[in-house]
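Here chain A shows up in two complexes: once beside chain B, once beside chain C.
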Partner chain A sequence: MTEINEQEIAGDFSMYFGPAHPGSGNFSIKVEMRGERVLKATADPGYLHRGFEKLMEYREPMQNAVLSDRVCVLEPLQWNLVHAEAVDYLMDYEVPERAKYIRVILAELSRIQSHFIWYAAMSLGTGFMTGFNIAIGYRDYILDVLNLITGGRVYPAGYICPGGVRKDLPEKAENKILELLPKIEYMRKFALKQNPAWLARFKEIGTLTKEEAIKFGAVGPILRGCGVESDVRRDDPYEIYDELEFDVPVMDEGDAYARFTVGMQEIEESMKIITQSIDRLPKGEVKTPNLKPIVQFQKAEGEIYIRNELSRGEGAFYMVATGQKTPYRVKIRGPSFTHMIPILEHLLTDVAYADVPAIYWSMYQCPADVDR
Partner chain B sequence: MSSNSKNISLEEKLIKNLNSKLGVPINFQKERRLWTSIDSDKIVDICTKAYEMGFEHLSTISVTDWLEEGKHELVYHLWSYSYKLLLTIKTKIDRKNPNISSINSIWGANAETCERECHELFGVKFEGNPNLTPLFLEDWEGPPPFLKDFNWREYVKEEMYDQNNPREEVYFEVKK
Partner chain C sequence: MKLGIVIEIFKNVFTKPMTVLFPFERIEIPERNRGEHEFNIDTCISCGACARICPNLAIKMIEVPSELREKYPKTYPQVDLGKCCFCALCEDICPKGSIKLTTNFYFATFDKDDTILYPVKAE
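Then we have the complex of A and B:
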């Protein structure tokens, strides 16, 4: 890192990166500049604060299932799953085996399409429009299948609900999912290999050490890109993840390139999970028998902290029930909360302004789960 | 099943270990979930000890507003990468005087950001946290919005709508 030479000061000023920047999402950073260098960055969230935690205190579990989609636009099925698991535990539901498999298949499909968006946003932010177009195009193949299964392309409207899933898989859905896999693999290879010049842009910038990553609360691909082998699916397994075989990709460099590569390697593991789940998909019910959530939630008392591995890392629901129709308190922990505020502010200290977009999008941001 | 029973015996050992090192009773909730309840003045001490024992990841800090009891319950969720366990530390503070020490000496900016959120939404004051500026709500002058005795529906009606305006009357007819 070069020292700032006092005599070459072009002028000190501060400006905003986002929220109107294309692709920055509903999020901005105030950067304090000296010439072309960023001295300090301050995150400015709040453009997408919808008060979900408070809203959920006013709604019944099935209504909250629909609301939980909206926590993050880019991975709604996974947020559905975290919410459903929290309510399942509080209501003491035995989720049927088939429903667990369907939940996992959909969560992994959702992870893959979210990783495609990551590639798309990184391309868009660094001026590689072809990458953006192709990734969004390939994501659409997955959305078509999600549309077939859940009835919604982006928002599944609470498809993964407390007690199981809302409806069984339609006819031939398994085949449609399997037909997707070669397309996903093509896109994954394209992202990792097609444009070495573009990929080189991310090397050795925004480097986070292992110790810093743990201290600042990094999770998911950001943490694994720093050499920490940690995955909630393996360390704190939920649904059927403990029965499936998959690897946890890790890289030691800790820079933007490592984070992105880990993410793209995860797509391969997700495909393994999908193939295994479809192979073993049992027959049977997809909902707990006698599902009466309003009545049953009034008997629920207690609290639970449910963690899941979302696309961006650990996402969690803390839910307290006191025997009312609605939860007494809901706290949502979004993975981007730590990535976008403390870690981004740390990484954007004394860097070239030209590196800001590359570092920003390598954090796999989702402003929606920062603000909630 | 064998791995399950092995896990449970490991957890029992760890509970004993934690009991003696932290000096507080540790309770078992379910597999990989432990919790404890402590006095609010011990929070920095216990969190430091837990961090040194391997609970390195501060997952989040949450506040539950127990209105009838007149208390705020602060809940710290710590995950250990080595034990693969979640330790939940709970502590109650007075609702009228919601003060507690900041744990930024351990988790730095991560803890400070979580505390900023709790301060903004529940009005909890974290002594020692230099940056308690609001995160989400710009120019908000009302009470902390997530408190149980703050009725946002009423607040929105009073602040945003005019009962005498015929186009907005409808909002006042909606059932509570």
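Then we have the complex of A and C:
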């Protein structure tokens, strides 16, 4: 609703960007305008609240693995992995080596397809439909491989489960993944092409300084785009990341284009990780030997805070087990929350209204993760 | 740089499109694709494990129609596809392999009752 403030200057009014805006997703921002300038923005989340933390208190860990996909629709396998690691710790499961490699391969494929959506969404937000169509098309090649392995294109339904993975890789899955890599590389190069319209929309827009990024709690590509080298895979390695060689791309500019470029450079690193993991993929079991179909916390007591590097930054699960069947408490820390509320509100002060979608999508948002 | 884009356009004129003409051509569906349930009542032991593990409570253990009750006296799973999230936990837990997910995913229907899979239908 557009509201006109009669007390102030005649050109002052406030209005909503989203949730019905084609480039906003399930998220809304109330912007206070003076003519074409945005004076102040207030984030208005809550359109996608599903109450995962409470739902998980009523379900057993294997059922929660299925639920954990849906925390963020765009990176389901990585959320599966964080949840599985938390349960593995509480239940004291030894995850077989092969399962660890499969987990990492799938998490990285999930990261790449999520970065493609980032490019697609940024294109859509700035009216570049060709970019959107191409990115979604190339993402589909990855989804086909995910469908082959997990049985679902978008939702793996707890494929990365507590104690390992639910099924071993099907025949020729390794070849199919390796065949994907040239296509991913083509798409990555396409996204990084020096498109003059793209540069005009994103260069020197929404600049976040290093100090501000740290103060507001930025993570992932947003933080690395401001010149801070921080990656959970490097700083606090989980699964097999300590055995793999990869770089952490960093850029100092802090603007929308720098954040996006960091994301696209990460795809290259993910491809390195996938190639190394497939080369070293050991043979053997994919589930811990004592894993039963029904997992309950009846013998588990304690608490765990486990963090992973998701596509959008650091995501974490805090889980408490008190010897009941279900977890006593689950707390999810998603990367998008700090990006979408404090940082976005900070960046959307005194900017042109035309830059709002550019800044908004450069934050690599996921409304599903903000609301949970 | 600008010429690169032109070359790209010409390449795309001669390449195959990413999409297929759906009703006439279909993409290959992998064997693991989680679709509609297939239930074998003759091997079912009515343990109720599938109904217990279902995260969405889509599976209910019900009695069969009265004319078949002599042959099948116990309770058997009825799946509501409208509630199902296709996680295949029921398939994993079934001790006899009586419930399996097929690759069929064509569920569009005008009748809500079509979404309910009965363990056995009276003739």
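Rule of thumb we're sticking to: the second predicted complex is superposed on the first by the 354 of 372 C-alpha atoms of A that agree within 3 Å, B and C clash if a C-alpha of one lies under 4 Å from a C-alpha of the other, contacts with A are read in each partner's own complex, and residues count from 1 in each chain.
Just so it is clear, a contact is a pair of C-beta atoms (placed from the backbone, for glycine too) under 8 Å apart; a residue touches a chain by one contact, two chains touch by 3 or more.
The model shown is predicted, which means the values in this text are computed figures rather than measured ones.
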With the two complexes overlaid on their shared chain, look at chain A and say whether chain B and chain C clash or fit.
fit
Of the two partner chains, chain B (first) and chain C (second), which one does A:167 touch, if any: first, second, both, or neither?
second
With the two complexes superposed on chain A, say which partner A:147 touches: chain B (first), chain C (second), both, or neither.
second
By the touch definition at the top of the document, which applies to A:349: first (chain B), second (chain C), both, or neither?
neither
One more residue to check, A:53. First (chain B), second (chain C), both or neither?
first
With the two structures laid over each other on chain A, which partner does A:158 touch: chain B (first), chain C (second), both, or neither?
second
Tell me the angle subtended at the Cα centre of chain A by the Cα centres of chain B and chain C, rounded to the nearest 10 °.
100
For A:63, is the partner it touches chain B (first), chain C (second), both, or none of the two (neither)?
second
For A:337 in the superposed arrangement: first (chain B), second (chain C), both or neither?
first
First (chain B), second (chain C), both or neither touched by A:175:
neither
Does chain C touch more residues of chain A than chain B does, or is it the other way round?
B
Report, in whole Å, the shortest distance between any C-alpha atom of chain B and any C-alpha atom of chain C after the two complexes are superposed.
10
With the touch criterion stated at the top, can you tell me which chain A residues are shared between the chain B interface and the chain C interface?
none
Would you pull the chain A residues touching chain B in the complex into a rising list?
45-46, 49, 51, 53-54, 89, 214-217, 219, 228, 230, 235-236, 304-305, 307, 314, 316, 318, 320, 328-329, 331, 333, 337-338, 341-342, 345-346, 371
Over in the complex, which chain C residues touch chain A? Could you list them?
1, 4-5, 18-19, 27, 30-34, 49, 52-53, 55, 85-89, 92-93, 101
The answer for chain A against chain C in the complex is residues 59, 62-63, 66-67, 137, 140, 144, 147-152, 155, 157-158, 166-167, 170, 193-194, 293-294
Taking the complex as given, what residues does chain B use to touch chain A?
29-30, 32-33, 56-60, 62, 64-65, 75, 77, 79, 81, 84, 86, 88, 107-110, 112-113, 121, 134-138, 145-146, 152
